[in-house]
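Next come two complexes built around subunit A: one with subunit B, the other with subunit C.
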Partner chain A sequence: MEQVNRPARYDVRGLAEPDADAPRIAEVADGRARFDAEGLSTRQINLEIRRLAYEEGIDDITVANPAAKHSLGVGILTRCRIRFEGSLGYFACGLIDGPEIEITGRVGWSCAENIMAGVVVIRKNAGSLTGAALRGGDLVVHGDVGARTGIDQKGGTILIGGNAGSSTGFMMQRGRQIICGDAGHGLGDSMYDGAIYVAGTVASLGVDCVEGEMSEDDEEMLDRKFGIYGLERPSSFTKFVCGKKLWNYDNLEANERKLVL
Partner chain B sequence: MCGIAGIIHRDGEADIGSEMTRMLQSMRHRGPDSTGFALYGPPSDLVVMRFKLADPNDVRDFEWTERLERHRHEVEGRLSKVGASVDRVEGEREYAYRATFRYDGDLKALADYVEDVPGCEILSLGHSLEIVKDLGDAETVAEQYRLDRFRGTHAIGHVRMATESDVDIAGAHPYWAYPFSDVAVVHNGQLTNYHHWRRRLERSGHRFQSECDSEIIAVYIAEKLADGVALETAMKQSLDDLDGVFTYLVVTEDSLGVAKDEMAAKPLVLFESEELVVMASEETAIRAVLREEIDTYDPYEREVLVWSR
Partner chain C sequence: MSEGHLTTRVGIDTEELTGKTFPYQHDRSLVDDVDLVAATPGHDLNWLEDIHLLEEDGIPSVFDRYTNAFLKIYFDIPHGREDEYARKVLIKHLQEGNSYGIWLKHKHAKFPQPELGPWRGGSSIVGTDWTPPEMEGWTAPTGRYLDGDEKGTS
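For the complex of A and B:
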């Protein structure tokens, strides 16, 4: 692939900014764009995606050969479809608001961090910290995930086809996690709210995580999510929620304060 | 941050020098301070010893070159004195050397006697292990030591971002498991009971060449092996004995192992097939040697995995 050499740009500090321009290499046909990321830097790939989505208004983009590069597909704030043919590295697809992203390979640590809305579907495995601080949208991993999935999750749904590592749902605040396989030690440790559904075994529960009661609404939600993403639904799930017994749920401190005042 | 990598060919020899260079260079951003390789060539009757007599950071003061030459001859003389039949001693850089010799005596006695030469540190000792480490990125080190020509069966490597000790060769990984032949370790993480274990191992007669916490793992494993504990068992015991966050790799003459701490706090991605096992802190390093689409996974917390050729 021939790369276009353009003069370097300089930022306000006078430092050269390499790869400051989109490479403009995508082939566009029938409203769909496709380009090969082989030999491109992370910045060039992201600039090309943004050029296509924002400047060209194309809502169907395919990126071939991402080669596990880090930080691809981040900060996309518009409705579009993006398909990565291959695996991505760390920090993939974070901070998005709207797009539907499919990754045919696996992803490294911290995929889909802090996403606000949209869908990310990973066809293979994912590393640790997947869906950290997720605020909304759906994150679907067909394979296994590493440790601390959905740490500090604030909303949205994480659906895992395989197993999950330790400290899954650590300090989770809202949202749902659905784990079709087994979960590691410390499930839901120090969670504030939200629900975790596990079909397999749980190595151990974290502090203040307790078994909850499955409701009809839970079953309906599970049916719907599995239906949307075409995954086979395990026959039964156990629901885990916050026991609300930790000190931060105790109102003694507030009463003490009133007495003092 | 640091980055670690390992590769083992189960079906014969390959260009592991250039493979490991590509893997480590792709993780240069994780540690630009120094780069190290532990490479396993075909087993030989000869003992291969990599050693250094100074550090690249050392001030080139009065008679620096002459002094190194004197010390090099002193090393050769001491090898002969302990009964080694020296084959050759080659200077790879002005301060780093590779010696081959025949010797079937006590390796610890030999190592202690040789390291008594001022400035001398044995980087590796064995029948197939060769540890090469120096300042700079992987391509720089590989070019300086001509690693593109190195063929072998397995290797581990490390790119270092110095956090708790100096930027020098002594602080660079891999660490040879002194005084054990053909055993080396690389580590990503921090050990919080370093001083406890250092005091304990020093009392048992082990020597340390650096202030780097990672050296503990190599010496810890060496002591277990000396007690007749199997490699995999020793690694499993280390999960209870070592505090902190870590992922480390150990290599022996015919095996490669990985261990992760109980929080899985440090990354490792792994690809495994019948012919080949490749692992690294980042998948980009695996892609540097396997370009086709592959299935990879992360080992979980407290996992110990060992592969043999």
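For the complex of A and C:
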């Protein structure tokens, strides 16, 4: 096969494939859209999703055969339902604000990073850095997750049906993590707010992560989240919080407050 | 709506940015009918779960992350319902399109997106005609950008 050495092309925003257009291949019926992503580039798939959600106003979109491509379903800023039938690669569904997304397969690194609001449900396993810098919304992984899940988490809820890898909750600032299985070494290392609930065993705690006291509000939240997502709730959880030994500040400057909030 | 005056003090206050306050900051009845669950994705409060009543300049306030600024609440908040009203005021603020950060979308949004994001359906699409700002006397380095032809491939 003749290899075409066409150099990568970028538009003024740094995007590859500057000439890509939405393929307009979705079949729409009863307000629902479905298209087959086989043979489409990452950008074409994302443009088709955006075309349907933004231009057509369709709020129920199914993408078949995503073929574990990276960066699918990112930056969707409206309320809609998106279902990926298959697995996704790295950085799936990041930077969203509003969608409710279901992924029937597995995902690679950094799924749902930086999401502002919405729901992402992964039916199988997820890689490392799942929910990195999560700002809000619910992220549900039915299987296991890799290392550094919820690193720098600033809000929202991460619910893990299986086990979590090492350094889960590293530098967590706010929000909730619920781990139904076991947690690896360095749980909650350098966290300075938020809460991590673990039903199984913890290999080791990270710096300044200590066991906390379960409250009625905690139990209500756990019941509610498990009820919504139909997962079987383990009978008991141990709560982990920040020990506040690393809290070396009294008053935050205005710009620092922005970062924390 | 009351008009204010911008100051030069360093702050993260919505009034500093917009120069005014909005009626729902003063009148509780204007936010009473806000349905928080309907206004958020999923079956509970979703991202609003992390929104709480805070205080800025000694006044009850809610933090608007879309502007990076506090929105002050001047009406009396019933005891025990602080977070509820903070969330209702914030959602009203976003749905009405008054968040200063959202105003900036008209000029600075680089990609097509609903102006009012996920808070109100059917809002207009902004960011469809973004062009890079031009600085007088500055030219883009060669080989970095395309000008619609192949000369700048990298």
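Criterion: the second predicted complex is superposed on the first by the 228 of 261 C-alpha atoms of A that agree within 3 Å, B and C clash if a C-alpha of one lies under 4 Å from a C-alpha of the other, contacts with A are read in each partner's own complex, and residues count from 1 in each chain.
The rule is short, and it goes like this: a contact is a pair of C-beta atoms (placed from the backbone, for glycine too) under 8 Å apart; a residue touches a chain by one contact, two chains touch by 3 or more.
Note that the structure is a prediction, hence the values are computed from the model and not measured.
In the superposition on chain A, A:136 contacts subunit C only, with no contact to subunit B. For subunit A, the partner that touches more of its residues is C, with subunit B and subunit C as the two candidates.
In the superposed model, A:77 lies in contact with subunit C only, and not with subunit B.
In the overlay built on the shared chain, the residue A:97 is in contact with subunit C alone; subunit B does not reach it. Touch criterion met: A:155 reaches subunit C, while subunit B stays clear of it. Contacts of A:54 after superposition on the shared chain: subunit C is touched, whereas subunit B is not.
Once chain A of one complex is fitted onto chain A of the other, the partner contacts of A:128 are limited to subunit B, with no touch recorded for subunit C.
Across the complex, subunit A is touched by residues 10-12, 40-44, 46-50, 54, 63, 65, 68, 110-114, 117-118, 121-122, 125, 132, 144-146, 150, 153-154 of subunit C.
For subunit B in complex with subunit A, the residues that touch the partner chain are 262-265, 267, 269, 282-284, 286-287, 291, 293, 295-298, 300-301. Those residues of subunit A whose C-beta lies close enough to touch subunit B in the complex are 67-70, 86-87, 89-90, 104-106, 108-109, 124-125, 127-128, 143-144, 146-147, 165-167, 184-185.
Residues 7-13, 18, 50, 54-55, 57, 75, 77-79, 97-100, 116-119, 135-138, 155-157, 174-175, 224-225, 228, 254, 257-258, 261 of subunit A touch subunit C in their complex.
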